[in-house]
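One chain, subunit A, appears in both complexes that follow, with subunit B as partner in the first and subunit C in the second.
Up next is the complex of A and B:
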């Protein structure tokens, strides 16, 4: 088990290092970042001054090493726009995004797991078909459009929920639904498939044969085993959701890290964008690592992988 | 009197016939296919079908309501905030969405298939490197990276297609790797190797035909994915630039008038939803009919 964890940890670190290099190199896609910062009206002297100030005159690998060294100490430089340390900006906004992510995954689990279980108990029933439709529709619905429809219904027509902002818990209801809806299809399909498989296993027949009640068979014997892969899928989905919250946050003007990323891209605030790409990637890496370890802990067969 | 039954009776329907029969019998696949074919025809015939020029502005005819909300047949789906005919822009928008979906899936499919097949067939170090690349790619937040790159390089149709094509190859690589792993140990591959076939030939004429079904399924799903991402990027203002008629852009432009004219947002989003749903239904159906073990 320890060997497995160390191996996975090494892989995660290597992935993180590669991602950090890619997110750093994005800055150089534009050709000369100094010109981008100085703006179109700047003359050659201004550009040269900015180049020296930000250290763009050094070789790229030296700049990367420098950036990485500081990033390891949670120093992502200074935002071009806010003139504040990027790390402080992100830390301030991250709580909103984390809240949204946790609410979203809890919402998705609360809807998807019961639906998946019922769909597995009664395959091809009405509920199974509704669940299937919801999951197919969920994958096809553009998230920004879904969010705007909710705003039209609940904020404009019914006036029962606020349309934008993050001041009260009511502000999080619609964003949670939109974000959570996208994690639902995968969780539901996996729950359904897992339950179907487990319910046809021999030990379930044994449990039924010795007279265990149907509820006990379903929840104590079947769901416990079927839920294992769902837990790790939820962790991976959580990593995806944090990265995907940028669309949802911009629809509802929720001032989280995703919204900060969107604003910073519009303002050409490259240090902030770089840092945010790295932070979101790190979240994904950490969540998948936890999912792998959890899987291996619950199911020893996975440890050889 | 003939002692032998017809050859056809013994062999029964060929695998191809069985596949076609299953396809035509699959409800979801047929619904998806009909809608998709319809949308492709609309996109191809856009200049014939569109009642107006999608770029022609008319400031005296701004935000005319659709015919079912009290408008006239002159503009069946109304006009936008610049007085452009909404139906015509929707029809031309189908071209943008379908082209982005198809070309992005082609690019990412080529990258992902090459990586996945190589990893599955050669194994060892090649596999380790490809698996690592897949991990790195999965860790990158797609929307954020696409937004940043498009913002830096400037939003245009080709940049958006290129960025999506370079980002969405992960599922191709994962599925193609797994499919190749299943095939490479089979007797006919060993036989091909034994008679001295070159590696490219084994890959192309022994491996590929046996995994192409799975490839087509992923192509449909990733096409839908690319179309949704383009719409999201354009909605955020960092995708296809105005005045190009992109459905995501239309939703974004209608957003400001949403309070009084919600149909400006509802119509393009609904069309986008139908297109992606059709492609997904087709992809799910294809997976059902080509891989019987995946049913349920």
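Up next is the complex of A and C:
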């Protein structure tokens, strides 16, 4: 198990490094940060001065090495845009995104897994149809649109929920629903498919034959096996939610890390983008790692892999 | 496009379902939305409209320009005289205090001017400050500002972007500290700043009796809400009292409902096509030919752009400056919409079947697409490329854009030098590189005689129009939407002035 973990961690580190290098090169190609910093009023001399001040005139590899060296010491520099330490900026924005991501995935799992199980027990029933409809609708509806519909209903008509901001827990209800809704279809389909496959397996027939209760058969024997791919998927979805809640954060004015990343790209705010990409990459890595460990616990056969 | 249709229908749905919104008049707090995350409240370290709005609330300039008439009167200074072409002596108002209680004196002016005018300190809006060389204290309430060269537009800048900071505090806190906890003399004090997200102001009870007048509304709570639809929803749900920069189609629907006050005002921003007349992108590019540039000017239906897309108080523009700016002469050659003539001119230039060109834009995709259709109609086949602002600017500076859709807002400086001189003095953004224009602008920019300035701006602008270096098209406008409880008359410079707002 220890070797398994170490191997995974080593691999994860390489992934993080590759991601940060690729993103650095892409940003480098996408436009001159000196011009973005200098703003609309700047003339050529201003831009040249800023270029020299920030060291943009150095070769790319030197700049990347410089960034990496400081990043290894947890020094992510100062945001070109806000002129505040990137670490502070991200720490402040990340809490909103983390809250939203955790709520979103919990919401998605709470709805999608039971629905998937019921749909599998009664395939082609009304509830299966409803589940199918929900998942198709979930994938088809743009999230900003869904968010605005919720705002119209709950903030304008009923006036029971605030439309924007992140001041209280009520502010997170609508964003959680919108964000979670998009993770639901995949989780539900996978649960249903997994359950259908497992329920027709020989050991389930054996379990039933030895007289185990239906609940025990479903949850102890079937779900435990069917849920394994769902755990991996949920981990990926969680990573996606933390990095990809841009639209939701924008519609509900949450000012989280996803929106910060999106805006920082437009502003050519290299230090902020680089640090955020690293953070998001680490999230993916940590969640897939946790999913592997969790799966290894659920299925002892995987521990040796 | 899909997004537009969908958002349009959400707004419509919101309109049908909305009840009556109520302002937060009861606790004297005006709630306003910003769309953009402001980088820093320190006005020398942001280049955003939102920054100008906060600057006018928190700080004061030495001089005040009436937003309606443009007339100058004393603000932090009470009197001023030009001692010579480059020395402006100002008498300062006595008895003014900063929000932290420290008195306002000549030292504050000297420190602020010396700090921001020093390029090494990195003020981002260099153009607003780099005309000043330094300041000199004469006595406690008299100060001299020395300009690098004769700079007749000085009063315009001193009443606009240049505001005075408290010397001791600024020396200690620096731009970062000033951005997080701003201190000024202005009609509003800052209660709290959450960078980019939220700004809370309260009325300065000790504000001096200046031309801005005392603020009427006690508190201002500004939140950044990036999505305009969410802003409108918050207006409906009674969580916001005032929004601005509302797109014209949304503003029209809001106005039809009757429960909100919708005001439209012009801005100084001008949209124009820049053409590579100097042949920087390619010495043989079609835009080096006068007939081609004139054809582009004739191909654009300015009235239609204004009437159908921009609406409101936008106007067709024919000059390389905004008509209200000092020196922006309007007696220049105007190119009426005439696609037939455009085709003839192209034929004369040797392009009877038109030609293909790259066409760049960085904002307002709809307008850019309308422009491409006008150009395509006369035979100029556009390879349209929408870029991020900084990426396009990069190409502009390297002279790699044969044709691009640009806009310029002049930082609300009501002087033609803020626009025409920015682009036609052989800088890296100058695609004309016309020595005759440069000579005229040099005189106009540095003469202290207003009549001489006017005359030379006119000659320069006439030559620019005759040579069709640009195709100026239109001015922008903005919509202000507020609940019925808020009374505010917007000005043509796109600056929200909280101190002139009142409750109804």
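We take it that the second predicted complex is superposed on the first by the 267 of 305 C-alpha atoms of A that agree within 3 Å, B and C clash if a C-alpha of one lies under 4 Å from a C-alpha of the other, contacts with A are read in each partner's own complex, and residues count from 1 in each chain.
Convention: contacts are C-beta pairs under 8 Å (C-beta built on N, C-alpha and C of every residue); 3 or more make two chains touch, one makes a residue touch a chain.
No experiment lies behind these values; they were computed from the predicted model shown.
For the composite obtained by overlaying on subunit A, subunit B and subunit C cannot both be accommodated without a clash. Touch criterion met: A:246 reaches subunit B, while subunit C stays clear of it. In the superposed model, A:19 lies in contact with subunit B only, and not with subunit C. In the superposition on chain A, A:259 contacts subunit C only, with no contact to subunit B.
By the document's definition of touching, of the two partners only subunit C reaches A:159; subunit B does not. By the touch criterion defined above, A:296 lies against neither subunit B nor subunit C after alignment on the C-alpha atoms of chain A. Contacts of A:44 after superposition on the shared chain: subunit C is touched, whereas subunit B is not.
In the superposition on chain A, contact of A:94 is made with neither subunit B nor subunit C.
Of the two partner chains placed by superposition, only subunit C is touched by A:53; subunit B is not. Within the superposed three-chain model, A:81 lies in touch with subunit C and out of touch with subunit B [touch as defined at top]. When both complexes are aligned on chain A by C-alpha atoms, subunit A residues 30, 36, 142, 144-145, 148-149, 151-152, 156, 250, 266, 268 touch subunit B in the first and subunit C in the second. Against subunit B, in their complex, subunit A makes its touches with residues 11, 14-16, 18-19, 22-23, 26, 29-30, 36, 123, 136-137, 139-145, 148-149, 151-152, 156, 193, 196, 242-244, 246-247, 250, 258, 261-262, 265-266, 268, 273, 276-277, 280-281, 284-285, 288.
Residues of subunit A that touch subunit C in their complex: 30-33, 35-44, 46-47, 49-50, 53, 81-84, 89, 142, 144-145, 148-149, 151-152, 155-157, 159, 162-165, 250-253, 255, 259, 263, 266, 268. On subunit C, the positions that touch subunit A within their shared complex are 2-3, 6-7, 10, 13-14, 17-19, 37, 39-40, 45, 47, 119, 122, 124-128, 175-176, 179, 195-197, 223-227, 229-230, 233-234, 236-239, 388-391, 393-394, 397, 408-409, 411, 427-429. Against subunit A, the residues of subunit B that register as touching in their complex are 28, 132, 135-136, 138-145, 147-149, 151-153, 224, 228, 231-232, 235-238, 248, 251, 255, 258-259, 262, 265-266, 269, 272-273, 276-277, 280-281, 284, 296.
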